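Presented sequentially are two complexes of chain A, the first with chain B as partner and the second with chain C.
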Partner chain A sequence: MAIHERSLVEPERILRKERLVVDGVDISGDWNLIILPRVINDYDLDFAKEIVNSPDGKTINQCYQCSYCTASCPVHNYWDERYNPRHFIYLARLGMIDELQKRADVMWRCVSCHKCTHRCPKGVLVEEVLKVILRTMAKKGLIDEYPSKKFDKFFTESVVEYGRIEDGELLFGWIEKQGYKVFKDPILKKPIPFIGETPEWLKQLTMKPLKSMNIDFLILNAKHMLFHPRTKNWSKFKQVLRKVMQEEGALH
Partner chain B sequence: MAKSVLVVGGGPAGLAAARTLGKLGVSTILVEKDSQLGGNPIKNHYHTLIPRKLKPSQVIGPYIKDVEQNPNVKVLLNTELTACEGEPGEFRVTLSNGEKHEVGAIVVATGFEHFDPRRKGELGYGLYPDVITNLELERMFSQEGKLYRPSNGQLPKRVAFVFCVGSRDRQLGVTNVHCCRYGCALSGLQGMEIREHYPDVDVFCYYMDVRTYGTWEYPFYWAPQEQYGVRYVRGRIAEITYSPADGRLRVKHEDTIVQRPAEVPMDLVVLVLGMEPSPGTKKVAKILGLSQDPDSQFLVPSDESGSNIISNKPGIFIAGACKGPIDIESSFSEGEAAAAEAATFIGAKVTV
Partner chain C sequence: MGVIGKRVAYYPGCSLEGAARAYDVSTRITAKELGLELDYLEDYNCCGAMESKNVTFMGTMLLNARNMSLARKQGHSVIVAPCNGCSFSLQRAEYFLETDRAVFERVNALLREGGVDPLDQIPQTYHILEWFYHEAGPQKVKEKTKKPLKGLKVANYYGCLYTRPHFYARTYAHAGGQEEGVRPRRRDTADDDEHPYYMNALLEAAGATSVEFEPMHTQCCGGPHSLSDEMVSEKFVMMILQTAKRNGADIIATECPLCHASLEMYRHRLMMKGVPDVDVPAAYFTQLLGLAFGYSASDVKLKDNLSDPIPVLKRLGLA
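What follows is the complex of A and B.
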C-alpha cells in the first residue's frame, strides 16, 4: 500500500515485509506495510543508573533543565542545533536510548571549552557528564566508536611511543585514518604534505599562515616530520608506562 | 457591644484563633461541623506536614489541647452556623443545635476541601485500584506504615506522581484555574519518603511547572532530585490506561522536552489533588455576605485593606484556607492575627 505524504514519516519507522502472516492469514501484498508509532513505550533505567553510578556522572541528577549550558555552548550556537547538552542530559536520565542514538553523529562534537560546567547554576559537571553518556553508550554497543575517541587513541599511541606528539604526523595520520589517501615517501614511509589527497578545510586552514611563516620554522617542522622528535631516555620510561597502562586496562 | 467572639471552623486557622482569643481572656465560641477538631490534616490522616516535616499530632495536637483546656473557649462539635443578624459588634448568630448567641466579632476559618478526582474520568480514579490520590498515599504511610499496590498488596516497582489534578484546569470550569500551592512540595516530600524506605522503587513526577515557591525550592525540589534520585518528567498526564497483559498501568502523555507521545508502564499512580473551597466556606459566605472570588468561590479580603484577614464586612475576619490554598503554618499565623484583630475590634481588656 502506498503512503501518502511519505516525507512526514521517518524511514526507520516504515516497516515493509516481503511476506507477512498474521494469525495464520497471509496478508502479503497490499497490506504488508506497517508504520511504527512514535510513542515512547518505556524508559531504560539501567542505562540511566549506570551513568549516575559512575564517579564522573553523579552530578547528572542535579540538572533541572534550565538550558544555561546549551545557551552558552559554542557547538550548539555556531555549528548544529542538534548538539544540545541539556537535552542529552534529559534523555540519558530517563534512558531514552533511541533518541540518543539519533544524535550519535553529533554527540561527540564537544570542544571541551567548559563554558557549560563553569556556568551551570546547579553545579552539574556538564562536560564530564556528556563524556560519561558517550562512554556508556559505546560500552553497551549502542553507538559506533565515535571519531573523537579514535583521535584520542591515536594521540595516546603517539605520546606513548615517543613521549611527545609531532604535529605533522598527528595531522596527516589522522587524515589518513579518516580515509584520505596520503602520499608517503617510499623510503621512510613519512607523509608528504599536499601531494596526496588533502581535505579542503585543511588547505584553507594552512595555506594562509604558511605564507607568512618564518622559513626556519618551516624547515624545523619538515625535519620533525622526517625524524620524529622524542623525549630524552624515553624508551625505558615507555616500557614502564606500557606495563602500567596494560595493568590498568587503559591500553587497547 | 457584645464581649464574645465566634470562631467558625476547627481546623488549624480556627484552632489558632480560638486559642489566642482564649489566652487573651476573651469569651469564645468555636463551632466545628465535624465530630473532631483539627480539620483536614487530622480528618484525612496526613502523615508528614510541609515544610517542617512534623507530624500533624505534633503540630496540631498542642493547639487542640490548649483550646479544649481553656475555660474561655466553648467548643461545639457537630455544629454549624445557620444564620446571622445584627450589626458589627452585635451579631446575633443562630447555630444548627438551636443555640442563639450574641457575639461582637466573627472569625471565619472554614477552610478547603480536596478535589474529587472522579471528575477527571480520563485519569481512571475509581476504575483502576492502583490509581490513588496523594491523600490515600498519606494514609498508607500514616495508618498502615507501608507502600503497596492496592490491586495485589505488593510493593510497586515504579510510582508516578501526576501533578495538577483539579488545579490550573479550565476544563473543569472557571472554578479550578488556580494553583494548589502545596502539591509540588508534597510530592517531592512523598517521593523522598518512598526513596528513603524503598531505594529500589523508581519515582517519577510528571509536571508542567514545579512550583516549590520561596524557601521550599531546596528541600522539596532540589533535594528529591539530587539526594534521592526522584525523576522529573515534563508533561501533563492526559490519560491513564491499564494493560491486562502485564497488569500494569500506562500513563499517557507527551514528553514536552522530547516532543514525543509516551505511554510508560507504572505500578502505582498518585494523583496530586487540587484545593477547592469547602462547602462550609461557600455556605458561610452566603450567610455572612462575604465577598467571594467569582471564579474559584474562595473568600476574598477587603479591597480597602492590605491585610488579607480583613473581610469586606467590619467585625468579620477571615483566616486560613477559606481564602485559597495555604500551608498549615501560615494558617496558624493568620488565625492568631485574626484573633488579635477580633479582640481589638470588640475592645477586649486583655487579662493574661
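What follows is the complex of A and C.
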C-alpha cells in the first residue's frame, strides 16, 4: 500500500541536482535531493464543519487514520491505487479542497460495499462520510458532474415522481443518456428494446426471453414499461419530499 | 428458533415486481412450504436503494419511514425484505431513527405533513434469509425436501449488504468510538459477519454441496455502479464468476435481485468478449429450494433467469 501523503509533495518542489554546492561545500551524492517547503494557506475549515453538521457525516472526527478502510477497499485493491478513503478523510478534515479536486476523477468510484464502515475500529461510517464529502463538494460547485452522480439523480427523480422504479425505464433511460439512440414508439414515447441503436449485449439480452418463448415475463415487463408502476396516494407525499430536497439543496 | 415471528410484513421492493419476478414467486413458494406467512405490504414505495441516499439524506429517511409506517398500520413490528438493497435501506433508517432523536422527530413531523401516520415504534427489518433460517431452519428444509439437489455444486454468493455494515445489519457487537447509548448491539439472529453461512446451511439441507467461495462470497458486484461505472463492475463480476468456476461450482446461488441482475448482465458481456471461465449460471436460492421441494422449473420461473441455468440442472436431473 502506497503512502499517499507523498502525493502531497508536488513534483516541481523536488529538486535533484547532479552537483550541489552550498556555502562552498560540495554536498553532491546522497544529499543532492532538496524538497522545497509547501505553505498551505487556502485551507477551508468550514468544509469539515459542514460535514460534521450533517447527520450522516458527523462521525468523521472519530477517524484516527489507521487505514483499515483502505486496506479493505475493493476499489483500492483491484482497480486504482489512487482511490484511498483514509486519505480523502484526512484531506477533508484539513480542508485541502484543491488536493481533493485533483482526485475528483477517482473519488466517485466508491461502489458502496461498506467493507470500510464495517471494519472501522473507531465507528466511523466511512462510506457515508465519503458520500457526504462528495455531496458537499458538488453542492459548492467544486467538482464536475461525475457518472454516478448523474445516475443517482436520475434514479431519485424516478422514485420521487412515481414512488417506485421500473427496471426497463432505468436501463433504457440511462443508455439514452450515454448517447445511444433508443428507438421509441411515436405515440407513448416509450423505448422499444429490440430495435434501435442500443449496445449489442443489451440487444442480445433482451432477445433471450423472446427466444425462450417466455411470454408472460415479456408481457409483464412490457406492461410495466408502458404503464409505469406507481404508489397510490403519492402526490401529497411527493410534495413533502420535494420540499425536503429543496431545503437540502439536492435539486441542483 | 422462532424469535422473529411466523407472520411478518413482506416488503418485496420494486425489482421483484418486474424483472426479478422469479425471486418473488419462488420466495412465496418457499415460505408456504416452510409454514411461514408473508403479509404483503400494501402500496409500498421504493426504498431509495443505494442511489437516493447520495442525493438527499432526509428524503431517503422519509421514503423508508413511510414503509415502516405502513407496516405498523398493518399491525407488524417486523419487516422482511428479500433484497439486500431494501433491507439495507430499512436498517439504515432504523439506525438513524434510533440513534438520532432530532432525525426521528423531524421525520415524524414530515410524515404527518405528507398524510401518513407517524411512527409509534420503529419496526425491525430482517433479510429474508435470516428469517428462513431462524423460523424454519435446515431441519425443516430437510423434512420438506422431496427431490434432493444431489450432485449440485453451489457457490453461495451473499453480496455486500447482507452482513455489512454491522451498524445496520447488526452482525457484530463491537463498535468502538461510539457512545455507549447509541452503540448498536449484535442481533441474536444475525449471521456471521465475515463468513456468512445461512444460505450454505439451507441449501446443504436440501441436498446440495457448497463449494469453497471465500472471499468472493461477499465481494461487491459493482452494485449501484453497475450501470454508471461499467469497467469496475465488469472486473468485479469477472473475479466472482471465475472464482466460482475454478472452484468447481455448477451454479451460483444469489439472494439479492440487484446482485443477480449484475452477475447475469456482465456474465453475458464477458462471454461475448471471450473471457475464460465465466459461464456459471445464477439462480436465486429460493428457486433451488423450490426445486428441492418438488416444484417444477416453470413453477419457480427458471426461464426468467437470463443466464439460463436449465441445461446445468437438466444434466443433473433436477429440472
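Heads up, the rule we're going with is that the second predicted complex is superposed on the first by the 162 of 252 C-alpha atoms of A that agree within 3 Å, B and C clash if a C-alpha of one lies under 4 Å from a C-alpha of the other, contacts with A are read in each partner's own complex, and residues count from 1 in each chain.
Operating definition for what follows: contacts are C-beta pairs under 8 Å (C-beta built on N, C-alpha and C of every residue); 3 or more make two chains touch, one makes a residue touch a chain.
Note that the structure is a prediction, hence the values are computed from the model and not measured.
Undergrad: On the A-aligned overlay, A:Q62 touches which partner chain: chain B = first, chain C = second, or both, or neither?
TA: Both partners, chain B and chain C.
Undergrad: Quick check on the superposed pair: does A:V52 touch chain B, chain C, both, or neither? Answer first, second, both or neither.
TA: first
Undergrad: Using the touch definition from the top, say if A:R38 reaches chain B (first), chain C (second), both or neither.
TA: The answer is first: A:R38 touches chain B but not chain C.
Undergrad: With both complexes superposed on chain A, which partner does A:K232 reach: first (chain B), second (chain C), both or neither?
TA: second
Undergrad: When the two structures are overlaid on chain A, which partner does A:T156 contact: first (chain B), second (chain C), both, or neither?
TA: A:T156 sits against chain C, while chain B stays out of touch.
Undergrad: Does chain C touch more residues of chain A than chain B does, or is it the other way round?
TA: Higher number of touched chain A residues: C.
Undergrad: Please work out whether A:L91 is in contact with chain B alone, chain C alone, both, or neither, and reply first, second, both or neither.
TA: First partner only.
Undergrad: I'd like to know which partner A:V244 touches here: chain B for first, chain C for second, both or neither.
TA: second
Undergrad: Could you pull out which residues of chain A sit against chain B in one structure and against chain C in the other?
TA: Dual-contact residues (chain A): 62, 122.
Undergrad: Can you check the complex and tell me which residues of chain A touch chain B?
TA: Those residues of chain A that touch chain B are 37-43, 45, 52, 61-62, 64-65, 87, 90-91, 93-94, 96, 99, 122.
Undergrad: Okay, in this complex, where on chain C does chain A touch?
TA: Checking each residue of chain C against chain A gives 14-15, 17-19, 21, 43-46, 48-59, 62-63, 66, 96, 100, 102-103, 110, 113-116, 160-161, 163-167, 172, 174-178, 183, 193, 219-220, 222-225, 227-229, 231-233, 235-236, 239, 261, 264-265, 268-269, 272, 301, 303-304, 306, 308.
Undergrad: Taking the complex as given, what residues does chain A use to touch chain C?
TA: 54-56, 59, 62, 74-75, 78-79, 109, 111-115, 117-118, 120-125, 127-128, 131, 134-135, 147-153, 155-156, 159-160, 163-168, 170-171, 174, 200-201, 204-205, 208-209, 212, 214, 217, 220-221, 224, 229, 231-234, 236-237, 239-241, 244-245, 247-248, 250
Undergrad: State the interface residues of chain B toward chain A in the complex, per the touch definition above.
TA: Touch residues, chain B against chain A: 202, 210, 221-222, 225-226, 229, 231-234, 255, 257-258, 260-265.
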